[in-house]
């Protein structure tokens, strides 16, 4: 009888400890963000959401070391080597300079998941014809140029010239501008471009550009996006519609976009990261682009500029209210 | 306290690598600032110039050493232009450097073919990867060893140069340009030569760094002068009493200390954005301890 | 032989402060002559030295050396064959470099500026031999920074540096003015010795009338860009301090240092 009791007690004690035995040591990841602006912040938030959805929750089984390089390359290098020397399980890199530095510093020892990289192949983070070999994968924030052009044409059947403002030398802007140049003719548009070096050039470049075009379309250019308010002020004064490249911009006053929701992009990236944390090799996962582009519009902006949404588009729309 | 220290120590090899590579540029700034007494801002432009040239060439298939050689020559040309502007057009030293630095922004962009970011493919041959030397060295230490070898080579060449007839003249030009004229030499030409050599070394450093991080970024020059100056001033002032060491050694140590203080600050949890404040405080601390101790100050503050 | 022909120099032309210093100024100095130049402030003494060395350019006229026109020759080229000691002791030597290095610089004056060692260790003995006759103890301080030397020591060093290589002219531009009386005399004696030994053509600008009388073969007094007194050789030997002083009183300057 005593032996029986002892056995039952022992089993009881053991079963109480089982949950503890099953608990893993928390996963440690480093998130390196290259610059400080809302789109990239949304990426980061979405990333954490995606991880949580897949079972990695901050505070429970996930420890996050978040660092922002404030666009400084020196800091980017330090942040990356910090992650590597701290031996994190995974590095999340937001934006191209951080991604490339992280992949080079980690040198294959730690998987790198990148996001908000517009051109992974040009950046050396992926190969066009074969799987990558640097233990990295992620998502690209390429914008659907053709869909955007179709939207603009549907909304402004009479418009002829389309204006682009971007930073000379920013790789993703160049890629996108090239795409516009290629696709615009098919929709009957002529593209006029204006480039800047720094944000202080924006007020100088805008008047000239606005005078020549019927509308502006935003790229994902870091500098211009950060100063969207300058663009909108100047365009509104001239009665010119500005089409955004992602949802935040439409919230801030752009008329509409077939664009990116960086939160969704981040979430998609988080899910990829979870797969890698669970054991899949990063190189076995090709980089992804956002699966669902949505059409966002801002009614207040439309009314202000005297535009209306054509009925053909109505079913696919998501209204977004001004912030 | 233990955790930050541990993470700092683990990051130490990487900090040393960065310190050695940036020391190359600090040695270049030593030539202009310490030897020639010329505040040369060209550095903010010639540093990325070296990176742009070296990276573009490597991507096109050049070998690492010829790429670095051409990067160095580009830097020397930049220094030459600054010198000509200063000597022939009689424009103040500070402005001459600023003019060239500004022009180099556009030139660097042209060199990269318009991109603000260039990536060196993983299988390319650089000074630090995929070459005969790295195959011989243990992988974990190869970067550190190569960086150390480069900076020691630069140091010994520089020390030797400063003891030649030409080197003596360079030192005289920074000390008392009247004496140079009295010796029958054109002191303007001597300055131009010094500027050229210094910026060649700075561009070399830019090329080396880009080969190490396999990345060129257009804005990498911002703050290069401040960083190098900090290294020079920290090294020379902190080790002021140590007569045995040459200035060049002090400058290298200064660069290492500067990078180490960065790494330590990050390990202690300081935000990257606060680093500039840390730099300023470091500068202030070191320069003011000299003043407080009342030592006879060499007028290089 | 140095010749200045019809020199014209106008300062601040076309402004309110316009000053025509020299107009049609000519002067001939034979080889080997030791010339003392005195004059009031603004009489043109330093300007004349600057014109000869090439620090400033004349508006008209010529400067000839042994028949060769050097008017357009840049300063540093002229100084290859001219030695100049300035009033400010700090101007003639490099403060941050050692005595040995300064001497090495001067020693290399005529040499090709190449990558051979700057300081020849084997010359150390020779440098000491050059410094010992000065009687200032500099031969034991070869590694000391020139900046740590006194004014007189630096001027002596500058003098040695000037004459280490062959030169045609030695220009002494009030070179004892910043020194105390005892050191002044020392440097002056040294100057005389060096000029005599090497048979140099020397031009000495000085405020010290006594030196002007005691030393040199020829005495020149300038006033407002013109020569008011020119005594050479026998005439100079007969000139007394009082004569010169009387003339000076008319154009008021201070006596002595």
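By written order: A, B and C. Residues from 1 in each chain.
We take it that contacts are C-beta pairs under 8 Å (C-beta built on N, C-alpha and C of every residue); 3 or more make two chains touch, one makes a residue touch a chain.
Note that the structure is predicted; figures quoted are calculated from it, not measured.
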{"item": "Partner chains that chain B and chain C have in common", "value": "none"}
{"item": "Chain centroid nearest the full-protein CA centroid", "value": "B"}
{"item": "Separation of chain B from chain C, taking each centre as the mean of its C-alpha atoms, in whole Å", "value": "43"}
{"item": "Centroid distance [mean C-alpha coordinates] between chain B and chain A, Å", "value": "35"}
{"item": "Distance from chain C to chain A - Cα centre to Cα centre, in angstrom", "value": "75"}
{"item": "Interface hub residues of chain A, defined as touching at least two other chains", "value": "none"}
{"item": "Touching residues on chain C, where the partner in the complex is chain B", "value": "74-77, 79-80, 83-84, 86, 90-97, 101-102, 104-106, 108-119, 162"}
{"item": "Chain C contact footprint on chain B (complex, rising order)", "value": "161, 163-169, 171-172, 175-176, 178-187, 298"}
{"item": "Chain B - residues contacting chain A, complex", "value": "7, 10-11, 14-15, 18, 105, 109, 112, 114-117, 119-122, 213-215, 217-220, 222-223, 227, 262-263, 266-267, 271-273, 275"}
{"item": "Chain A - residues contacting chain B, complex", "value": "67-75, 77-79, 81-82, 84-87, 96-97, 100-101, 104-105, 122-125, 133-134, 167-171, 174, 197"}
